[in-house]
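The data blocks that follow each hold one structure.
Common to both upcoming complexes is chain A, partnered first by chain B, then by chain C.
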Partner chain A sequence: MAQLQIEGLCKGWDFPVIDQMNLTVEEGEFFVVVGPSGIGKTTLLRLIAGLESPNEGRIILGGNDISRLPPYKRPVAMTFESYALYPHLSVFENIASPLRARRLPKREIEQRVMDVARLLKIDQLITRRPAEVSGGQKQRTALGRTLVADPEVFLLDEPISHLDAKIRHELRAQFHTLEALRRVANIYVTHDYAEALSLGDRIGVMGQGGLVQVGTAHEVFEKPQTLFVAEHLGQPSINILDCELSTEDGVLIACHRESSLTLPVAQAHAQQLKRGNASHVSYGIRPQYITVIADGEAVCDSLHVVDCTVSLFEPLGTYAILMAETAGATITALSSPEHRYEQGESIRLGIDTAEAFFFDAVTGKNLVL
Partner chain B sequence: MARVTLDNVNKIYFSRRGDVHAVQDMSLNIEDGEFISLLGPSGCGKSSTLRMIVGLESVTSGEIRFDGDLVNELEPQERNVAMAFETYALYPNFTIEENLGFPLEVRGISKQDRKEEVHRIAELLQISDVLGQKPGALSGGQQQRVSLGRALIRAPAAFILDEVMSHLDAHLKFQMMIELRRIHQSLERTMLFVTHDQMEALALSDRVAVMNEGRLHQFGTRDDLYHAPANVFVAGFIGEPPTNFFTARPDESNGALTLLTLDGGTRFYPSATRAARIRSHGADQYIIGIRPQNMSPIANGLDTSITAKVLLNEYSGERSTLTLMAGENRLQAITHSSDRIKRDEEVKLYYHPDNVLVFDVETENLLT
Partner chain C sequence: MRDRHYKLVATLMFVFLGLWTIISLFPYYFQFITGFKGIEEVNRITPTFWPDEFLWSNLDLVFSDETNVAALLDTLLIASANTALAVFLGSLAGYALARFPRQAGGENMAFWILSNRMFPPVAILLPMFRAFDTVLGSTDNHLSLIILYLVFNMPLATWLMMVFFRDAPRELEEAAYLDGYSPLRAFFKVTLPQVVPGMMSVALLCWIFAWNEYLFANMLVGSNVAVNTIQMPGFVQGAQKLWNLAALFSFVAVLPPVILFMVLRRYMVRGLSLGVVKG
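Our next item is the complex of A and B:
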């Protein structure tokens, strides 16, 4: 009933933020837009909400063109990253405001506001004003005000980015199960790729001018169509080595242009690369596929082993980041925070070359899909 | 350079609608040149603590000292601390170059020196290409870097950074963390970082002060907070996803001491030292804590496990988070994203007995 369609949407002329964008979000779908800051994610939401007008294109909701409707006539509810709460009203009244505007009966308003407040764990502060609650609590109030309305489209702009891990994980689980979201089309904007991958039914990766790739979490992470998508998803970001392909004794190898590091190319990849006549590529390998090999540990065939010197070891929460130098190149690996590595320490890293990506050095297109 | 000491500091906001005791008996000793973080959920009092150190908020009781000198009554500008804010607080009608150079201009530094310093800092923060623009033309992340740059340029005795990375995307955040680390190592200045993001806190600081409801719960290194969390709050707050908790009673029917959850469905084997500690403690109930990353569907040589049913498998690229039910208890575990575990599947989750944390039910403190 309430499928959201975006057709040929344009915003901006000389340097368009959004250039000829097409997108369909189904009813009940949770669509997540992820991209770097300043790329125009919020602008997209503002266009759908009617807070900005497009230069071209149409926004169609449930078959009706809403592009020319004023914001208040669009059945759309939006949360803002900057909260936009009424400072003189209590948390309760802020959440209730969309319902008051529709003149719903008092009892129903109270019921719906309290349900939402309990869900978001702000029912204890319902009488306080925005100035008397913390940043995270303000964000939840803003989220509550969106959830309480009964729209056909939810637009959520970084709704949980300022919250601490514990509440963020609780709310994330709720986004998976909230019934209210399964009846409408949702567009959720975030800069956090892990949040995007775990929440989205589909994910749209936004780059210059619009969506660069749309797909399920597995598709965008494991089969990035471009270098930009591969670099944007993942932390620490994917290792990219500017390489020249050459054949040695009939075997295809990738030679790093800035160092003497060479990497063998897996059979399956080699065939496709040869067919495409590729020579100059960006070789990409995610840090998770580079592992430390302990002394005396057996090495399986698919691992290419290199001797390295540790240049940085940073233990984070559940994992650690290990940067190491080998043959003049720096590579980043994911490791366990439980084992410490000192700067200058010699280690052996195993690179799982079967998991490598090859992008065209000029166009950035994935050559092995 | 400064050693910052807080001694029994309290902050009470008096109001007609009920006083708020925002900071309670806070004592903290920050060594000269140390990088520490104040970490806690929103509303825990970390911003109030910080504002008292800077001098933006009066101290209700207690003492704040810089290098042993009492600063309670000093004005912010007399304290020689620089602060970067979550809300950028940039001058909208000045260019980025002017915004960055302003703290130097106020101190009467020559135009040429100012320019050099501004360009050095801009280079460091990767904002050289926007120096001629005004804040309104910049994205949130860029504005935040300008705000940070303006604090760094003053070269004060102590830097205070208030949620300065919260608006940066993951990519930039990671770069900035490494940058900040490097800046700290080269400047050797005392840095105090306030954040709700534990990854930032753990990655950046030498020690982390974990606060909740106005109180300091633990002040320690990453390893302290992970392996010996002082209480249930710290264990639940540090770690992503949060630690799993179970209420359980000791059971010695099979000879060895085990902990059986109240629904009787799940049995945990604590380490020998903890088992001995439980015996000497002698309570009839305990809270068990075990971290999601310490429970794995892959045995890896372990033989202690629990059985649970999968509710949700959240894929997030490098890893997946499983949400499961073990009897009546909900828990989470982290797996490799290549393990395609389906909903409603029964899995065995293996753990090492050393990773079973045991807390007192009443005080919620760790049994050490």
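Our next item is the complex of A and C:
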């Protein structure tokens, strides 16, 4: 039972992939790393597992430096994105593999494998080969192989990304309930922000060179420190407008640089922005804070109303994505799928300006945290 | 219209393949029937394509001679031992070249190993004889041929196994490391089983080479140990030229590779197409 510490970790090939990363994952914590593909999430896991050696830095598990240990001597278990099941062995033997490696007695192996198989509801399939089971069952087998090993750190590399939506949800629930995961340090890698928000005790958003922001789901979603974090979390992704701040009649407004759209700045934000002397910003507003206002509907004060033309309407079952043009700018809103909007239809959108984010146009830093 | 066209092509192909089969099988057929002819019938100017009488006693004549049986058994021993060694060593070497190319010398090393098969064997015949004679004291034993054939089979085995290992997914090995297997144990537990079909075809190629080799066998062995290729000419040397018995012996000598090939054909096709179609 141990805490995982990463200190000043560096790894790169032609260019740095992970640069001076520091991270502590507590025992029992479910830490989710989320980020775009190719950013180095898997590399991070491979470094912890020992499949890659770091250029610099230390990996400390329960007070012991394991950076120089070969992978087979580290108390670490990992599931691979491809599952990496042994095709020539049965599901039973796949799960038993870590126990066979330790040369445990036959009875104990059988007992422990069956316990795990029952837990994951694959005990009916243990005689089959990996090629003869479904994607979800393969994933459970791979998970079983790591669970049975009783490691001190769990590394999970996109474990459910390649499954269909229904099974994905089912297995996501499984990660919430598995007791075994609550006793060790877990690092879970995904590119899907919903998975991250759902599962993570803490979430680390990974960008160029390492973790850009670490925090709870609420923190990273509601208080993104940078434009990158805000853009990466949320579906459909946040509206970003390249704006110039100016004062009109003593009120701060944001003028879109590529169109004639102007948006008022909420009082709370205006003070901070003035203090910071910002002028050129990226104005961010999430689609869920933009709503369609029906004809004759009363408009509450906090909403800034703009007239728009519908350019695209995508009904997606429980919600719909509405893209609209206003004064030359395109904005994305969430709407209900019940009312279908036609292309070219004129509508009014209400923007909840109090929910806006302001990022420095050059550094990407959030200016109104 | 298209249907008729297709039928025509199919028929032509069938005829062509049929002819080809007959042409390629004819020597074996002729060998077989010659083996059971009497020597007088063999020496007739006009060949017969069906023996006047099947002389089953020819079988007895060939196999009552212990040296003929011994030759087949010696060849079997030499070919099998050599194949086992070549496949084992070739697998390890091929694995090293596939997984640790830099430490193992890289492409140059791999090519150098393969290049050992490129010179005409006869060029090293005498040096090899001298070397084996000096080191082993005598060359007329099983060991000399078992080792010597490695010169030809090791490069083949190493090179092919290297290709097969390159295609074996590396992630499985990494998963085995994380399960707690050391690299050597992971190799036997996970990697080797992935390349079994390829290994079978390599073994078959090595075995057939060793079974059929004549040049070096003729130089190195002959009295204590004889292999089938140098036993065969014995039937037609000297005063009596027993073509029928030579034919019968060689027909028997051809059987093991053919049977082996038929048994392992499934692996052979899979092995040689490994890396072409990934499943």
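Criterion: the second predicted complex is superposed on the first by the 362 of 369 C-alpha atoms of A that agree within 3 Å, B and C clash if a C-alpha of one lies under 4 Å from a C-alpha of the other, contacts with A are read in each partner's own complex, and residues count from 1 in each chain.
Everything below uses one rule, namely that a contact is a pair of C-beta atoms (placed from the backbone, for glycine too) under 8 Å apart; a residue touches a chain by one contact, two chains touch by 3 or more.
Because the structure is a prediction, the values reported are computed rather than measured.
*Asks:* Based on the superposed arrangement around chain A, label chain B with chain C as either clash or fit.
*Replies:* They fit side by side.
*Asks:* Of the partners chain B and chain C, which touch A:11 in the superposed model: first, second, both, neither?
*Replies:* neither
*Asks:* Check the contacts made with chain A and report whether chain B or chain C touches more of its residues.
*Replies:* Result: the larger residue contact count on chain A belongs to B.
*Asks:* Figure out whether A:51 sits in contact with chain B (first) or chain C (second), or with both, or with neither.
*Replies:* A:51: touches chain C, not chain B.
*Asks:* After the superposition on A, what does A:236 contact: first (chain B), second (chain C), both or neither?
*Replies:* Once the two structures are laid over each other on A, A:236 reaches chain B alone.
*Asks:* Based on the superposed arrangement, let me know which partner A:84 touches: chain B (first), chain C (second), both, or neither?
*Replies:* The second partner, chain C, only.
*Asks:* Is A:41 touching the first partner chain B, the second partner chain C, both, or neither of them?
*Replies:* neither
*Asks:* Examine A:169 and indicate which partner it touches, taking first as chain B and second as chain C; both and neither are also allowed.
*Replies:* The first partner, chain B, only.
*Asks:* Rounding in steps of 10 degrees, give the angle chain B-chain A-chain C taken between C-alpha centres.
*Replies:* 70
*Asks:* In the superposed arrangement, which partner chain does A:71 touch: chain B (first), chain C (second), both, or neither?
*Replies:* second
*Asks:* Which partner does A:98 reach: the first (chain B), the second (chain C), both, or neither?
*Replies:* A:98 contacts chain C only, not chain B.
*Asks:* With the two structures placed on a shared chain A, what shortest C-alpha distance in Å links chain B and chain C?
*Replies:* 9
*Asks:* Where on chain A do chain B and chain C both make contact?
*Replies:* Touching chain B in the first complex and chain C in the second, no residue of chain A appears in both lists.
*Asks:* Given the complex with chain B, which residues does chain A contribute to the contact?
*Replies:* Residues 36-38, 133-137, 161-167, 169, 172-173, 176, 191-195, 197-198, 217-218, 221, 231-237, 286-288, 312, 314-319, 334, 337.
*Asks:* Can you list the residues on chain C that touch chain A in the complex?
*Replies:* Interface residues on the chain C side: 169, 171-172, 174-183, 185-186, 189-190, 193-194.
*Asks:* Using the touch definition from the top, list the residues of chain A that touch chain C in their complex.
*Replies:* Interface residues on the chain A side: 49-51, 70-72, 74, 76-78, 80, 82, 84-88, 97-98, 101-102, 145, 149.
*Asks:* For a test of understanding, state which residues of chain B touch chain A in their complex under the given definition.
*Replies:* 40-43, 86, 138-142, 163, 166-172, 174, 177-178, 181, 196-199, 202-203, 222, 226, 236-242, 292-293, 312, 314-318, 321, 323, 332, 334
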